[in-house]
Amino acid sequence: MKIGIVDTNFARYDMARAAIRELRRGCSAQIERRTVPGVKDLPVAAKRLIELEGCDMVMALGMPGPQEIDKTCAHEASTGLIMAQLMTNTHIIEVFVHEDEAGDERELASLAEQRTREHAKNVIKLLYHPEELTREAGTGQREGFEDAGPLGR
Amino acid sequence: MKIGIVDTNFARYDMARAAIRELRRGCSAQIERRTVPGVKDLPVAAKRLIELEGCDMVMALGMPGPQEIDKTCAHEASTGLIMAQLMTNTHIIEVFVHEDEAGDERELASLAEQRTREHAKNVIKLLYHPEELTREAGTGQREGFEDAGPLGR
Amino acid sequence: MKIGIVDTNFARYDMARAAIRELRRGCSAQIERRTVPGVKDLPVAAKRLIELEGCDMVMALGMPGPQEIDKTCAHEASTGLIMAQLMTNTHIIEVFVHEDEAGDERELASLAEQRTREHAKNVIKLLYHPEELTREAGTGQREGFEDAGPLGR
Amino acid sequence: MKIGIVDTNFARYDMARAAIRELRRGCSAQIERRTVPGVKDLPVAAKRLIELEGCDMVMALGMPGPQEIDKTCAHEASTGLIMAQLMTNTHIIEVFVHEDEAGDERELASLAEQRTREHAKNVIKLLYHPEELTREAGTGQREGFEDAGPLGR
Amino acid sequence: MKIGIVDTNFARYDMARAAIRELRRGCSAQIERRTVPGVKDLPVAAKRLIELEGCDMVMALGMPGPQEIDKTCAHEASTGLIMAQLMTNTHIIEVFVHEDEAGDERELASLAEQRTREHAKNVIKLLYHPEELTREAGTGQREGFEDAGPLGR
């Protein structure tokens, strides 16, 4: 198995390091990493990892800024990441942490670390233990935050 | 016949269980289920069920959150689901229940159950009895809510 | 010639009946009809009519609801219909009547009837008399409403 | 050389006439014209002119209305026109004049005439004299309006 | 190596000149330049440089105006640039400078010069020294502005 990681130098936290640590802890897949300038460069970088480097799954890591234009960039990147998946029949797990999701820098760093790690676990489940994801279906998982949990009745 | 179901662990209700029950009641198709983290992972998962597992139709189940970013994610997922259908010439019936569509958690659970079941019936009609859908054309069907009905004159 | 019609059971008016009547009055093309649940199911249904049933043109009929989410669905459907046309090199004439385009139900029904009929005439022109459309170029046609007419000078 | 022109009967000004006059003045290319109902029909019509009629470049002319829904239609059409270009590796020069870009009908007609003519000149440059466009690079050209000019320093 | 540059005559600053200077300083790649009218013409121009001229990477330079319609055009262009990358498996580095990003014309010119140069450096890194980008991962690079830097803790 080979897992690709694409991240950006626009991000203010080294999310790839968090992803790699978690992946190494949970599986023995080979890891291939590429860094691009911003989130809009992620889709083609992820597709190249799949088609030119043979990756079986890719994590796309980004930290969009807080302004309107940043939200638009993130939306364009997400649309491209979905298209890249459809063109390759391969999952690309998007891990975006928006700069305005946390109150201060320390909290933001912690959120980025945590969300990336939890999504790295999702990648391992998708690749090796898909039945575990099905066991969690409908349980309100929230990567990086406390889970919302299943609806009370 | 083979029907695919993709759902998420982000959702707070096990919509797939509702879908499977209704499908089993109404037809004898084989059912193939996959669970992914969030709605943006649904398009490629649905396409894989069609192209790699031979599904004749897929249900894509999701429960987007109430915030602006969740609405954007749902929009991106829907766009991807339509693209996946166009690339495969195969229907993917999207069943999304937005968290802010109901007043409380109990009502939301009931809406999720009901809408999923009614869309499972749509799937059966599309696959086995398309003429029934044509009989209902223009009658204002609303899955999960009371039907709007045809326009009065 | 073969003309496809796709409509929905979400719509509150039987627009397909209006389309079929007008098409039968104006040409002798074969008509193939399919009904789907909502507007987001129209793109793949239209593409299937073109690629699997050999339709030379398709009418896609829908009646989006009045809420924000309905507007988003209509936008996603329209984007998909344009993509379906590009993938098939075939015109799909979209006829959408938004529930909030008219003051009451009777007016809305009348608008749906009229707009569908006028677009059915457009389909006949596109297929059989394209030069008639060119004669109308720049004249401010408005299907279902009074024409805006050419700009005064 | 063969240049395609697609316009609409929704537009309130015969922009194609302006385009054809300017093209005939500036080059000897063959011209192929098609008229469709609205701007959302332009992408496939342009693609057909390229792929079925052998056009080397296409002008897509439209006059979107002033309402919110018209803006959405224009956005969908533009997205489709870009996709059509990517699928054919051929330029489609979009010339849209929004009804609310001018104060009165006369001014709007004049804007439509002027912008179309200036874009027809762009088409000639792209096909025959690309080096002229490069000479104008960064000079703030504004088709139909006074040029913004290069930034002062 | 061959690097493509596409720019516009809509822009009010000759960003291509800045890009070419920086590229010539940092590498010996062949440079191929094309100029188009506006940002929506960039995607197909970039794809043509890749597929017809054999460029290994492309810079797409644009300066969207300050109005709502300009923002929409930029969004459509960005979406198209991402699609062009996915269709060619080749990076297209988008360098857009919005007219309202700076307080006056002089500042805007300086921003355009600086951002273009810094992105030209990114292109060189992507092509020749990808490991340098990985060293910068998560460090909050901001082309044309002061870097945001990594999150404090």
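Letters A, B, C, D and E mark the chains as written, and numbering starts fresh at 1 in each.
The rule we apply is simple: a contact is a pair of C-beta atoms (placed from the backbone, for glycine too) under 8 Å apart; a residue touches a chain by one contact, two chains touch by 3 or more.
For clarity, every value in this text was computed on a predicted model and none was experimentally measured.
**Student:** For the copies chain B and chain C, give the interface type as same if over half of its residue numbers appear on both sides, and as different if under half do.
**Tutor:** different
**Student:** Degrees of rotation, nearest 5, to put the Cα trace of chain A on chain C?
**Tutor:** Nearest-5 rotation angle for the superposition: 145 degrees.
**Student:** Return the distance between the CA-based centres of chain D and chain E, expressed in whole Å.
**Tutor:** It comes to 25 Å between the two C-alpha centres.
**Student:** Find the geometric centre of each of chain A and chain D from their Cα atoms only, then give the gap between the two centres in Å, rounded to an integer.
**Tutor:** The mean C-alpha positions of chain A and chain D differ by 40 Å.
**Student:** Quick one: which residues in chain E touch 2 or more of the other chains?
**Tutor:** 79, 83
**Student:** Hey, which residues of chain B end up touching chain C in the complex?
**Tutor:** 71, 75, 78-79, 81-83, 85-86, 89-94, 98, 119, 122, 126, 130, 133-134, 136-143, 148-153
**Student:** Given the complex with chain B, which residues does chain C contribute to the contact?
**Tutor:** Within the complex, chain C touches chain B at residues 7-17, 33-37, 40-41, 43-45, 47-48, 51-52, 65, 69, 72-73, 76-77, 79-80, 83-84, 87, 105-106, 108-109, 112.
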